[in-house]
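So, here's a batch of structures to check.
Next, two complexes with subunit A in common: one pairs it with subunit B, the other with subunit C.
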Partner chain A sequence: MSEQIFFKVTIDNITIEVPAGTTILQAARQIGGTVAPPAMCYYSKLQGSGGKCRTCLVEVAKGSEKDPRPMPKLVASCRTTVMDGMEVKNITSDKVIDARAGVVEFLLLNHPLDCPICDQAGECHLQDLSFDHGKSATRYEFQRRTFKKHDLGKNIQLHMTRCILCYRCVFTADQLTNKRVHGILDRGDHAEIATHIEKSLDNEFIGNVIDVCPVGALTDKTFRFKNRVWFLKPMDAHRDCPTCSGRVTLWNRGDEVYRVTARKDEWGEIEDTPEGKPGWICNTCRFDKKETSDWVIEGPRAISRQSVIAQGHYAGNVGMTKPTETFKAVNGGRTPHLLLDIHDESEVNQPQLHLGKIHGPSHGDTFNNKIENA
Partner chain B sequence: MQPLTNKAQAVSRKPMTFLERLYLINIIKGMVITFSHMFKKQPTIHYPEQKREFSPVFRGLHVLNRDEEGKERCTACGLCAVACPAEAITMEAAERTEDELHLYREEKYAAKYEINMLRCIFCGLCEEACPKDAIYLSETFAPANYTRKGFIYGKPDLLIPNPKTEAAALAMAKGVEA
Partner chain C sequence: MGVKLLLDKAHVPGIRTYDVYRREGGYRSVEKALKEMTPESIVEEVKKSGLRGRGGAGFPAGMKWSFIAKPEGVPRHLVCNADESEPGTFKDRYLMEFLPHLLLEGLIVSSFALGSNDTYIYIRGEYAWITDILEEAIKEAHANGWLGKNILGTGFDCNIHVQRGAGAYICGEETALIESLEGNRGNPRIKPPFPAIQGLWQRPTVVNNVETLASIGPIINMGGDEYAKIGVGRSTGTKLISACGNINKPGVYEIDMTISVEDFIYSDEFCGGIANGKKLKACIPGGSSVPILPANLLLKTAKGETRYMNYESLSDGGFATGSMMGSGGFIVLDEDQCIVKNTYTLARFYRHESCGQCSPCREGTGWMEKILQKIETGKGSMSDIDLLWDIQRKIEGNTICPLGDAAAWPVAAAIRHFRDEFEWHINNPELSQTSNFGLQHYADPIHVPA
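What follows is the complex of A and B.
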């Protein structure tokens, strides 16, 4: 095997050596932090992804050591490989910041901004992107594009109005399943994710399209409207799954499993398993294993402090040990006299109601004790 | 010890004079002060009969708003609950069905919405956080109660009367003469 060539590249005045063939985006991610350009369509675990959303545009101030001319236009960093001695400006370039604000405005042109309803809110890349790089107002004055609702089967909910056409789910279906049944229909302004004709997505690995979707276009129907992600406790867990890695994040309320997702790294991408393969999870793990007893819980998942999910979330070295109750010990074995047990009065979070086990979204009847939940 | 300030005064142990022992002069002096207050402007009001106007920034009991057609505005986004520093707000979301279209504005709605008034500190952050103009702090106090149970306010306590079907009740709640 020939010797690997390393290129020296400077991104935002930080120099790093990366192997030839690395993209600017990957090199920037190796530096980390705010140096890494945001990416909506690029997904390092999916071959061929990237180059569509233009959020990762960067300025190349110096092409390479041999040809030091700057590149005339901003380039998509996810598709541009580094050259030796290249100098890249990301957040240090006014042009990039301006262009990115424009891209965000374009991405949000037809986005319904129904974040209060959307289940992705709180872990949405488009939310983060528009918060970090967007402007607070839109100049768009026309009707937003709407679509006829498509049913993608019993587990996956499609909201086409929220889609930014990143093609990640198309690549996922191509690369993880043996037969892709959904794709982009029509073109231009009419382009939409759909199946032809009305098919449900039911491949064993198709659930991963929910995890790769950067917005709330594809969401988990078994979790639909159950709770907001920032009120749930993310827990690392695993199970011995014959089809997939079985390494997941459980999203719990109390001890109830509300949602199961794959583990995501700091770029919002699926984490690798210890064997170095992407940790895609199968539909059985994702949609059907909603009992705590199905899982071996490892402990609370570490969540970035910048994320809203980190509110009220303990992580780090707390492990699985619960703090000991001291009241009885210091009061001679007496239990505390409660003036009000909140469950006697409150209709929220009723102990006899197991929302995690209801398949679809809950309805008004669910909470009025009309449906018996064992 | 040397006094640090010149504020300390030695107590006078001198025996009182005859006039001082009569106390009459000092009683009159005191009564003058007392009676002079009868002619000053009263700072107090007679509460239940008279009521003070609330300041425009007063933050009182919460209301859950409806739109002009009487649909509930709240969509259970949870932003009030996450903004709440006292963790007083809890809710359960549900999906709107076809025959509930006239009841709720959005696809998702709060099936249960509770504010624990024992916890609430009336800071108004829920009002600030609400993206749907659904929660407002009104110009009323949370009334006193004999039990703690009575302070868990649910949706029936918080929702404003429906402007379509209960217009009179709404006008009364707003304090506008019908």
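What follows is the complex of A and C.
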């Protein structure tokens, strides 16, 4: 094998070295944080995906070391490979911020915003995107488009109104199953995901379209209206599955398994198995194995702290950064006596008390005994 | 009387048939190219001629040809883009219908230059009868040894296949055309890679407009240098203009690009003036997607110079005060035409033809259409104009293919030059339903919203 060539690329003034052929988006994800552009349609595990949603547009201020001309238009970072010496502006470019706000507005234009009854709420990429880049109100004053309802079978629920036409599910069906039965019909703003003739999606791996769907267009019928994702505790689990890797995330409440999904990384994409293959799971694992006894539980799932799913669960788990400084250090060497600052309140009630002199957690007795101020 | 290269034989009776075409000197360029020239020297000749793509973008054809990748053992393809769907453009239809052999002649020479043994004509589905004409012409060319195996004993094999589209404007975009030709949904591809590297079936491909390819024959016959002498500056050769709208003589005209816009509209040789003695209000000089120009900026540039019918002069002043040559669909609007309605019609077209792949175009075109409909029906408000401006700004340049730009430009130009007419529509909701704004914009300076 020939030696791999590395390119230096600067994204938002942070320079990183990546192998030739890496896209700008992948390079930015290696830096992480807000430098990584949002991506609604790109899915690194699906060949040919990307370039459609236009949320990942970035400005290329310098093409490469050899050809330093800037690119005339904003480019889709998910489909543009880096060149040596390329300088990319993401959040440091006003043009990008402006264009991205426009794209978010376009994506939300015909979106029903039925988050309160949507099963995807809480883990929806469009929610995250509009929270980060969108405006609080829409300028659209017309009726939103609707579609004729299509039944995709007993496992998968299609809500076409929520769809942003990312084509991910089409690529998934193309690349995971031997015969795709659904696709995009029509064009323009009346394009829709459908099977043309009412047909159920029943391939053994077709359930993965639920995992790749960035919005609530394709959801799990076995989980429909059962619970909100942020009330569920995600647990990593596995089973010996003859068809797939069997590595999943169980979404429990109490002992009950509400739903089963593949394991997703911080970008919302399927995690790789230890063998380095995408960890797609089969329909049996996803829809039929809903007993805790079916699974070997490995432990709590690491969910990023930013995610609404992390609400109240597993504080200090992986994915959360524990502060390195102790309370004492940031407090100028003073150990707090009271973790709760009741200073204001007690001044009204017990002005004679000097709260700083009270040791340890205080309770009613502390005040009733009227500890004397030293 | 200007020079005519493409249409000089168009009125010979029976020119559509091979015998008459050959008697009138047809297929000479194929003989010359295949017997006396090498593929490289043909490309060189086309480069010298300065021929620019006639499909709309005006990219130098010779340059495009020289980009084609030539990996060993991989077939290359030439595709003729006959999916002429731009509203206002009908020049290719005329060429193919009356002079099918002129196109074939250019195609054979170009195929030889590019090394394409299988050349495709992708024709729009609505031109069904032209498909028959082309297929008849191909049959004749086969019978007379201009197509097939070992053409003229030179060892060059070439077949031309005609493929009908299914009626989508977007399939005129070269990568969407390639997708459609492969049998897929006509969605534009994300570039790079460009078709010259990975096109049809991932093979190097050149996609050229009908008129561009038809011009190759005359270029080879007369030589690139001679061809470059026609016209002015970088606008060399002759261009077909399909003139339509409120003019006395709509039709396809061949011009040599030195004629002024005023002459073109008012001379009896071409458009013959505005119909019914009306006054000129505005013009879309290059097919529906290029910016519309008010009469004062159409005849004279912002600097006060005469505007000519060529690539440079029409785009003089950029989009602020100029337009584009485009595909040559010259749409003339007289004083009775309503710019709001015209813009609404165009927006409706682009909404209908958006492929729906990328979000700014899919959602933005529909939104613009709805707002324009609102203004047109007298329900608009002043903020709608600024909103329209903002939407078009966010579509332009942010889409996969140029359809987004094509949808945004007409709206932008209409607001830029005719903002007062939009305002009049909004301020006079009832009056605007029954009467017309007319020519009041002449007194108005150009508005460029921030």
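The rule we apply is simple: the second predicted complex is superposed on the first by the 314 of 374 C-alpha atoms of A that agree within 3 Å, B and C clash if a C-alpha of one lies under 4 Å from a C-alpha of the other, contacts with A are read in each partner's own complex, and residues count from 1 in each chain.
Keep in mind that, in the parts below, a contact is a pair of C-beta atoms (placed from the backbone, for glycine too) under 8 Å apart; a residue touches a chain by one contact, two chains touch by 3 or more.
Nothing here was measured: the structure is a model prediction, and the numbers come from that model.
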item: Touched partner set for A:61, first subunit B, second subunit C, both or neither; value: neither
item: Subunit B versus subunit C as contact partner of A:71, first or second or both or neither; value: neither
item: First (subunit B), second (subunit C), both or neither touched by A:186; value: second
item: First (subunit B), second (subunit C), both or neither touched by A:231; value: first
item: Partner chain(s) touched by A:110 [first = subunit B, second = subunit C, both, neither]; value: second
item: Touched partner set for A:52, first subunit B, second subunit C, both or neither; value: second
item: Contact set on subunit B toward subunit A in their complex; value: 75-79, 81-82, 90-95, 97, 100, 106-108, 111-112, 114, 116, 131-132, 147-149, 152, 154
item: Contact footprint of subunit C on subunit A as seen in their complex; value: 50-55, 57, 73-74, 76, 79, 98-99, 102-103, 105-107, 109-110, 139-140, 142, 145, 164-165, 167, 183-184, 186-191
item: List of subunit A residues in touch with subunit B within their complex; value: 114-117, 121, 224-228, 230-231, 308, 311, 339-340, 342, 344-349, 355, 360-364, 366-367
item: Sites on subunit C touched by subunit A in the complex; value: 168, 170, 185, 190, 351-360, 362-367, 370, 387, 393-395, 397-400
